[in-house]
Amino acid sequence: MLRVGVIGATGYTGSELLRFIFSHGGIELTYVTSHSFAGKTLPEIYPHYLNILEPVCSPFTLEEAAQKTDLVFCALPHGDSMDVVPALLAAGLKVIDLSADFRLTEAALYREWYQREHSAPRLLGKAVYGLPEIYKEEIKNTSFVANPGCYPTPVILGLAPLAERGLVDWETLVVDAKSGTSGAGRVPSQALHFSECTENFRAYKVAGHQHTPEVEQELGRLAGQKITMTFVPHLIPMIRGILSTIYLRLTEKLEEEEILEIYREYYREEKFVRILPAPILPETRNVYGSNYCDLAFKWDSRTGRLIIVAAIDNLVKGAAGQAVQNMNLMLGLEEEQGLQLIPMRP
Amino acid sequence: MLRVGVIGATGYTGSELLRFIFSHGGIELTYVTSHSFAGKTLPEIYPHYLNILEPVCSPFTLEEAAQKTDLVFCALPHGDSMDVVPALLAAGLKVIDLSADFRLTEAALYREWYQREHSAPRLLGKAVYGLPEIYKEEIKNTSFVANPGCYPTPVILGLAPLAERGLVDWETLVVDAKSGTSGAGRVPSQALHFSECTENFRAYKVAGHQHTPEVEQELGRLAGQKITMTFVPHLIPMIRGILSTIYLRLTEKLEEEEILEIYREYYREEKFVRILPAPILPETRNVYGSNYCDLAFKWDSRTGRLIIVAAIDNLVKGAAGQAVQNMNLMLGLEEEQGLQLIPMRP
Amino acid sequence: MLRVGVIGATGYTGSELLRFIFSHGGIELTYVTSHSFAGKTLPEIYPHYLNILEPVCSPFTLEEAAQKTDLVFCALPHGDSMDVVPALLAAGLKVIDLSADFRLTEAALYREWYQREHSAPRLLGKAVYGLPEIYKEEIKNTSFVANPGCYPTPVILGLAPLAERGLVDWETLVVDAKSGTSGAGRVPSQALHFSECTENFRAYKVAGHQHTPEVEQELGRLAGQKITMTFVPHLIPMIRGILSTIYLRLTEKLEEEEILEIYREYYREEKFVRILPAPILPETRNVYGSNYCDLAFKWDSRTGRLIIVAAIDNLVKGAAGQAVQNMNLMLGLEEEQGLQLIPMRP
Amino acid sequence: MLRVGVIGATGYTGSELLRFIFSHGGIELTYVTSHSFAGKTLPEIYPHYLNILEPVCSPFTLEEAAQKTDLVFCALPHGDSMDVVPALLAAGLKVIDLSADFRLTEAALYREWYQREHSAPRLLGKAVYGLPEIYKEEIKNTSFVANPGCYPTPVILGLAPLAERGLVDWETLVVDAKSGTSGAGRVPSQALHFSECTENFRAYKVAGHQHTPEVEQELGRLAGQKITMTFVPHLIPMIRGILSTIYLRLTEKLEEEEILEIYREYYREEKFVRILPAPILPETRNVYGSNYCDLAFKWDSRTGRLIIVAAIDNLVKGAAGQAVQNMNLMLGLEEEQGLQLIPMRP
């Protein structure tokens, strides 16, 4: 069995990776690191692992990573990943990086949106963008994947079929996104304090969220042109789930049935994208704990707009599940292995 | 003291009216009706009223209403109100109707969006639309107010300053609205069952919500032209609060400071609209239990869009609080009386 | 592969059974019934099953059950099950009944606590009480299991080691239990309406809950004497999880370390009961979605009381997961098959 | 009008005090201090105060307090209060201390449960314990009140009528308490991080919570004997509300009707204690945002136990509301002034 490691295992994304790796069946977990909790066993940090999965968290060293693993998931915070990944690749490991550090292909864009200088600019553009529904062949043949952000995943999946056919009037694109709190991570803060976060709804980083250029880059690539997007994220008082509502005008007049056919055709082979039959609309609970992206759309004939609704579990299809899907492709395993779960509901 | 009644007092809106009437100070509650709970005391239905406010709920009769009250709040469901209001007016009472029945001025529009024939079409257009920040003088001089819907209130308040000056490019308008569950009322249903509603987020009535024509009518009136709006509501797993994110392009180039000045000027005299100083953004908890509408905006220079964020408590500024504000104006009381509350937080 | 059916598949317990059966690996789902939704496919009722598990729900008939299955889970409401189970047994099927109908062994007790006459009294006492940690051998050798209630499971597991050794002073026993809302099922009601259930906490059925005699019967059997228990359940504003706090005095003086040793010894072979190392206390999220029962205890030296805290996921160890565990034993499979999941957190 | 100050105004208790002071009508807020936010206006910290209440937060100085106020609420953290209160009293101010520092009357007990040495031991026993339903006359005649803890309030109110009459068999007393998160305050922590706190229920400080000796002291005083109590608090995933379930045996046999009469008699003059008529049970939402303590009880004839259920809003009757009630008494105002609010529901 192939040996995999998780670098930065004690954040929410890292921990969710462990959940999927544990029940995968085709790989072996051989290396678990944590900077903050080095020397502790996993259940000392997260008691739910007790009696199930009890590795000691190591401090990260390149030597150990190289010696103990064939593939590593790098689940470090943005900005830390770029200091580690180059050496991992140089050591011959397959790398799936879940941070934002290798998604953008231009150093200037990274600097602008992440407010820091990239430390490994020569690697920018070298990673395959890990959206398997779009870059499946590239993922199968690479050893370096940049796993997509949680917000970009449903937006790109929701627009790709139209983008590739030149059907989106990009000037009209508005994306209103809503996320549960787990996307903000494990570190406590005033804004995520339970008493201030429950029974509350708010927008944040209005027209300034760092996932914006990632979506623009990827949709621009599909569309073959430079595009911009108005993007506003919001925080929902719940743990898991992203729902994005996407507004646009088409470049040509299409019947609703034709649009549906375009989507069905585009995702015909894709297990993890579900085009919902009308009048069913995506709800985050219908993908809870699973790797699905649910899509539906509605034509607003009064205003001539197409409205696309897309939902994922931000920790699964928006992070750890998608990373495992990428790993399966990179290792020549079945794409669905370890991800065939019924969403948990209620 | 003036005598007021609440017709349909046991729905959420009716009950919230009682909360404000109880502590108002300038009026007397003399008549409380309920169809479903006639004959019961209020605490038998809602134990939180115990020892505080314990009227017996009467079945509604015109005679009693006319005899016992000077002004009535009609908090009946949509469709029921139009069968009762004409007689109340004919009896010489002042009426504030919280249903949707007298907001639209065209019978055809009512039929189209509410799927029923209007039973009092000659009264359409006779009510003053009860948004005090816009129609203050008309409200002071009428005996018939149609209290605005919960979704329309923040959208109209958020757009009015621009609409009146012809600054909105209406073709570009998109409104993405999110509401807590209390807006859906007191009647249990599968979709509002706790186990299916918490830890979930969803869109509903996409481009088909009945509040759409109400907003279009009112903004069209301010703009002096017919307009349409793309409108998508969503359900948030929390009780109270609406937050709307409004996207548009302007018809002329303005500096952010100029826009701010337009808003400040427009609402200079208005106590219940707060233009938040940047970088503070509206959050529903900041208006929890209060009659405020919080507004902020952001210019997205990359896409040339203005983004307006507006938040209210749907049961207060979106229903009962606004109705009391209207009552104060109709009765010649201080506009703020009974509404000067600090939002409850946490 | 053995063929299993789920009778009453569209309640929360039935649906949770399907989730575990789907990923079990050692059995085949061959029969799915629903009274309310007969003729519909599963995704028409629960869209989260779309593209994953799409059986048509049949109306229940004995013939079909007998022909299509080797073992059935009966997930009907209390009172309905007793009308169906006798025939299933007579047809030679193995039966795991998840209702309360066959847990009590005395018809008089059933009448008293469930307010109806039992329709199959001669079967009372014939089912093995399906708590594998206590009745493992009996379960392996029976074709008829009465699956324990959600509240009784953590209470019995929390007290069994002491009960068997005669260490509990039963006169002093108080059980204060708290449950998420999914235990109340799928049918909407005023009390479970989101707007009335969230941001609220309450006790219900104080000293009158129907699970009380079930616990008394089972603990009495272990203790070899008749016992009574003061039992108060409460409703928590969350979906999944039961946490019970158990108060008692011991019949003899023991050191905390001795008590710990008794628990560790009692559950030494049991995978699904976790005795937490101090100072870790059970939390419902640490068993979320899993079949674990987490236990901890604390000696209150000031008052001479032992306090036991026990937590489960009410839909898993409190219902469907425990039923699958029973099935594994009845079919000679590995006890843990299909249940080796890491709890979902966050 | 009398001038009042709030020392430590930016914690949850301090902020809730401001809410009640603002709408009180009979007092003037003249001094607001904050250590962490000195120099900032209130809305800079809590935007919900914008346009309503905008004082600058001062750093605390004795001179300013003495000069600007007649009465101060001291809402500092436990341990800080004892360093400030002696000087405030010496300066001739009336003081209501909301910390735990002056509730216990014995320095040894304070040291044991709060793990620090008391810095003003000679003042221990000098404050009146501010539970107006029990110590009304003392409160009217003192200038120094120790405001009760949130957990002790409903427990003492729930037991006082029986305690005074010697009806409680103290050996049998068990108190199982549940609180919303606002009781844990404003400072973020891992345990109160939204993603870890919602959809979770847990016990904490089992048999070790610092409010235990406070209850024992006060009930012991009423009972005229030394008593101990088994006390376990739990955390509910909601903001506001405490519900306590109290288990005991009586020292003599009483009919349920006799017990009811004892409670009704005891609280006959008390506006803020509501004895609920059966079968209504306390729910935290029925006291949400209000100063009520709701009580009900049930006789468990099977086990011979009385079960008392008590609910309050921890920030109101458990802190700020009770403090205002005490202030009213100390200043000779109507006891209910500023507290006559209908609980907010839904």
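All chains are identified by letter, namely A, B, C and D, in their written order; residue positions are counted from 1 within each chain.
The rule we apply is simple: a residue touches a chain if its C-beta (ideal position, glycine included) is under 8 Å from a C-beta of that chain, and two chains touch if they have at least 3 such contacts.
Values in this document were obtained by computation on a predicted structure and should not be read as measured data.
> Sort out for me whether C-D or B-C is joined by the greater number of C-beta contact pairs.
By the number of C-beta pairs in contact, the winner is C-D.
> If you take the mean of the Cα atoms for each chain, which one ends up farthest from chain A?
Most distant chain from chain A: D.
> Centroid of chain B to centroid of chain D, CA atoms only: how many Å?
For chain B versus chain D, the centre distance works out to 36 Å.
> Let me have the rounded angstrom distance from the C-alpha centre of chain B over to the C-alpha centre of chain C, please.
Each chain reduced to its C-alpha mean, chain B and chain C end up 46 Å apart.
> Counting in whole Å, what is the centre-to-centre distance of chain C and chain D, each centre being its mean C-alpha position?
Taking the average C-alpha coordinate of chain C and of chain D, the gap between them is 39 Å.
> Two or more other chains in contact with one residue: find those residues in chain D.
Residue numbers touching two or more other chains: 12, 180, 182, 195, 198-199, 237-240, 283, 285, 288, 346.
> Any idea which chain C residues touch chain A in the complex?
12, 15, 18-19, 22-23, 46-53, 182, 186, 198-199, 239-240, 271, 274, 276, 280, 283, 285-290, 340-346
> Which residues, counting only chain A, touch chain D once they are in their complex?
12, 180-182, 184, 186, 188-190, 192-195, 197-199, 237-239
> Flag every residue of chain D that touches chain C in the complex, lowest number first.
Those in contact with chain C are residues 172, 174, 176, 178, 180, 195-196, 198-204, 206-207, 228-230, 232, 234, 236-241, 243, 245, 247, 281-285, 288, 298-300, 302-303, 305, 307, 309, 311, 346.
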